[in-house]
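As written, the chain order gives the labels A, B and C, with residue 1 at the start of each chain.
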Amino acid sequence: MAHGSHAVKRYTGIMDWLTTVDHKKIGILYLMAGGFFFLIGGLEAILIRIQLWKPFNNFVSPDTFNELITMHGTTMIFLAVMPVIFGLMNCIVPLQIGARDVAFPFLNALGFWTFFFGGVLLNVSWFLGGAPDAGWTSYVPLASTTFSDGPGVDYYVLGLQISGIGSLLGGINFLVTVINMRAPGMSFMRMPMFTWASFITSLLILLAFPALTVGLVALMFDRIFDGNFFDPSAGGNIMLWQHIFWIFGHPEVYILILPAFGIISEVVSTFSRKRLFGYSSMVFATVLIGFLGFMVWAHHMFTSGLGPVANALFSIATMLIAVPTGIKVFNWLFTLWGGSIKFTSPLLFAVGFIPTFVMGGVTGVMLAAAPGDYQYHDSYFVVAHFHYTIVGGLVSGLFAGVHYWWPKIFGRPLNETLGKLTFWFFIIGFHMTFLVQHFLGLLGMQRRIFTYLDGMGFNEMNLISTIGAMLMGVGVICFVINVIVTSAKPKTATNDPWEDGRTLEWAIASPAPEYNFAQLPLIRGYDAYWKEKREGNKEMQPAEPLGPIHMPSPSILPFIMSIGLFISGFGFIFHQYVVAGAGLAVTLACMFLRSVIEDHGYHIEPEEIQPRGFKA
Amino acid sequence: MSGHSHADGVLPHEPEKATLEGRNKVLGFWLFLGGETVLFGTLFSVFIALRDQVNGGPTANELFSLSVVAAATLILLTSSLTSVFAIQAMHRNQPKAMVNWLLVTILLGLGFLGLEIYEFVEYAHHGHTFAASAFSTSFYSLVGFHGGHVAFGILWISLLIWQVLKRGLTVVTAPKVYIAGLYWHFIDVVWVFIFSVVYLMGKVG
Amino acid sequence: MKKRWLKWLRLMSTVAGAALLLSACGRADLSPLNPQGAVAKEQLNIMKISISIMLLVVVVVFAIAIYVLIRFRRRPGNDGIPVQVEGNHKLEIVWTVIPLILLVILGVPTVQTVFAQAQDHSKDENAIFVKVTAHQYWWEFEYPDEGIVTAQELVVPMSSRIVIEAKTADVLHSFWVPALAGKIDTNPAGNVNRMFFDTPDKTGIFLGKCAELCGPSHALMDFKVKVVDAQSYANWLAAMKAPAVLPEDPAIADAFQKKCLSCHAVGELGGPVFPNLTGIGDRESVAGVLINTDNPKYWNEGTVYDNMYRWIKDPQAIKPGNLMPKVELTEQELQGIARYLADYKLNYESEELRNNDATSDKEER
């Protein structure tokens, strides 16, 4: 029969981490890798700001500057914030819906390792031939071999392609997990907002990333195989790249922000001791934002010459997204209204998020008005807008989520004092860095310039911006110190360390045991754990008897498959097709093995299952 | 919980959905096909935008021979039908019949691929190569990608045939065969669009 | 207490920023906030409508946020559970409908302006039609109705409508004269774009910038729009059509023709592919970024002769990646050609313009 009767495979140490298919460990891997790339992206930002602190600076050459801005954007979006989002989704969503793992544990691991090796490939470019330097948007013809003949843009194409596979797999995984694996009683309208946000985000990922895949393939074919997608001399069209990129690129920014919205809903509700105000409106608004996000891509192309009909339509569509976003902001404020607000470090970050993101959102509406955008586009005004939404918004939200869920993930809370220091340095530094950039744009400073002329009126504000960036760096260092200091502490967190946990993850031990729930819980309402607590129950009611728990087996194949893709990427970049083929062969061989080897996992027997609160 | 057949040893009616893993696989695969739809949709859009850019080379009308393409279409559509028969056999718990229909399916798939390779070689002789023009690059990317999907499907189904022969039709092998069937239907639907948008529209102009 | 202070600070800085904004700061020759041309003024108008509406939103959100964070702080000793509120339908409707109304207020003028600014005025009687071709890293301006080509400086008459047809010869660039109008991207042939702008009713020199990443010297691809009176413009056109003036010294002339005119053009002589040098002596800059002045203050400023000399001596040091190589010239030839080009003036400025120049434009520095 199909019952696994082999010896249980359990690894320890490094092998444990390389072979794990446990969503909690994979989540930690995502957080660590994302954090690492965040530091690299942050260093690139500091170097950019040092170059721009005064006019005519020659701290870096123009070529290096263009590499820095390209890598800063690409790294931060694809290799830093997205993995941290996936990390939190991995660690928390299964716990919030009462599941024991995600739907596809093996693919989950594969998703992590492909992201990781794609990111390594992209960053190896610094040392081996030159980093991409055509902007994170990589417009053609600049990104074609005619005008970028080094390997830089090839690293961009292959690195992102490999990383993108990871994102796509993650998206499918969470969609199926949320649809099929909710605990009994957990209807869709009883799911926590972070889970809803993750669910909609996963749908956006599924529908947006394939467009990027095609764009990257087309650019790769043009560069490596002499294709003509974007070569005007052979009938190609450069506008195609812009359309394809932004049909992906705009939903991408909603992929980035929706999880943060989910986190804010959780944090604001928990630390005001009130249920989320207007939950069904919040769900509806999230869905609407996701949907509208696919309708607005050409607002990135207002100056490309699409014509007045397109520009007018996309202006209106873009403005409309402000409405559901505004609904969310007001619902958060009215959650706080009448509450009992405790200013923990997660809540500080959430409270910093709200006004900052609103500022970013309103500059977004300003940008939506096309005639205004004819002036703002490609100036520092746009740079200010997207940093307000992505850094002041998303990153603040991620800091909130990370501080909030750290005890659940690692069994120890982060230090509150260091957390507050992180917050103040980061938020003050952030506004110093980016508020002035609105004005720089409005005074005529274009973006992506490695230096500026003296006497233009840009000097003072650029200096302020650079100092602000340094303060942000200090904040990040406080956070890194916090992580290191905390890691030395013993794992003493209780199941509900904030004492006001409302959602299911707070009902089990910190960190969660390998199997998450000894018995799948019965969900009796929204804010399922809070409901039990209010009725005097210390634990969730079980929905099933205690029994053997099935666990998936660890596997080294995801790691090897990703190495195969990494090698293949190198082969394509340097036109060594034997190497490219060999790398692909390794990956295909692993897929073959995966299909053919039947491994039905193992069971944890009831005797091994410890009572809640004690670690196995 | 998983991987177990029924106590009485009989395969359930829809074996691919009898376990949580099976249901997850089926749903996950439908979603994957949603993503693939966006992918092919983007490729189609690119092709449509570039289909007149022949850069002095042969046009679609001059190149395409509808008889070869019609034959290929007939073969692929038939293979989709035989894959339906395979799944029906699976639901009737007839693994031998299922394997036979799967074998016919991949043979027809090989026939399709053979015709397509022949076709591409012919085109290359007429100057319609990958690097010739924007039209040719987008043609080979779209149609070639589809052909690559067919080739992958043939390899995959072959592997599954071997697994079913070795281990029998179980609640573990059934979901794999089912989603391979979904995949095969998908590439058939994509071909219908290719036939219409690339070849028919190419002839009509 | 800290929270209240920070929120207050943020609010104040937003208000201050708005005040700053609406008081039209910025250089009159550069800032979209200080527009001099009608199109830029219309665009600032849209900006003002959007800022006002958005300021209202920000004030409301900040006010509620500040109030809530102070009023509902958990006070020591108060450990109770607040009333759990599911929502409020009325409120939801209010904060859905009001933003929609605000968007209509912004949307209507937006759509109107989009269509108005997309009109093709190239067939207008008095419109001046200029074909702009962007290169790495310089700007080519062709006046097809006049049969002339120039570079780096767009000379146009005041009180006129200028219709631009913009394209690139290589990668994407973007034609941006912030004080006069928003930008238009320069795409390869096949995606050529058109836009128009109106010149003000007074003379002036306006800064132009490239606004699309185009390579290492993207930051250095500045150009100028020189708005002159009708007489000066007529003089300029005539002077541009005049026969070429070569260096007096035959050796210099010979070096110039052999080593420069293979790429550049003066008058009817030379090649069309690289910047036209006719009348380069009285342009505002050399290579767009070396500003000509007798009172140099910054690294990129110098006399015409000094700038010319610097540029020809080592173009890559000024604009990395540009297509002009280090030309093989003896020191004598270099000095001679620099002197010749610095003195190659068209002297088209009318009396009136020379008076204006003397009093007004240099104060911006």
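As a convention for this text, a contact is a pair of C-beta atoms (placed from the backbone, for glycine too) under 8 Å apart; a residue touches a chain by one contact, two chains touch by 3 or more.
Keep in mind it's a predicted model, so treat the numbers as computed, not measured.
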item	value
Farthest chain relative to chain C (centres taken as mean CA coordinates)	B
Highest C-beta pair count, chain pair	A-C
Centroid distance [mean C-alpha coordinates] between chain C and chain B, Å	53
Separation of chain A from chain B, taking each centre as the mean of its C-alpha atoms, in whole Å	33
Rounded Å distance between chain A and chain C, as computed from the means of their C-alpha atoms	36
Set of chain A residues in contact with two or more other chains	237
Complex contact set, residues of chain A against chain C	55-56, 61-63, 65-66, 134-135, 139, 141-142, 147, 232, 237-239, 272-275, 277-281, 303-305, 307-308, 311-312, 315-316, 319-320, 322-323, 326-327, 329-331, 333-334, 336-343, 351, 354-355, 358-359, 362-363, 365-366, 369-379, 427, 431, 435, 438-439, 442-444, 446, 448-457, 534
Complex contacts: residues of chain C adjacent to chain A	3, 6-7, 10, 13-14, 17, 20-21, 25-27, 30-33, 40, 42-44, 46-47, 49-51, 53-55, 57-58, 61-62, 64-65, 68-69, 72-74, 78, 80-88, 91-92, 95-96, 99-100, 103, 106-107, 110-111, 113-115, 117-118, 136, 170-172, 174, 176, 178-179, 181-185, 187-193, 207, 209-219, 222, 289, 297-300, 320-321, 365
Residues on chain B engaged by chain A in the complex (per definition of touch)	1-5, 20, 23-24, 27-28, 31-32, 34-36, 38-39, 42-43, 46, 49-50, 52-55, 130-138, 141, 156, 159-160, 163, 167, 170-172, 176
Touch list for chain A against partner chain B, complex	1-4, 103-104, 168, 171-173, 175-176, 179-181, 206-211, 213-215, 217-218, 221-222, 225-229, 231, 234-237, 240, 244, 247, 550, 592, 595-596, 598, 600-601
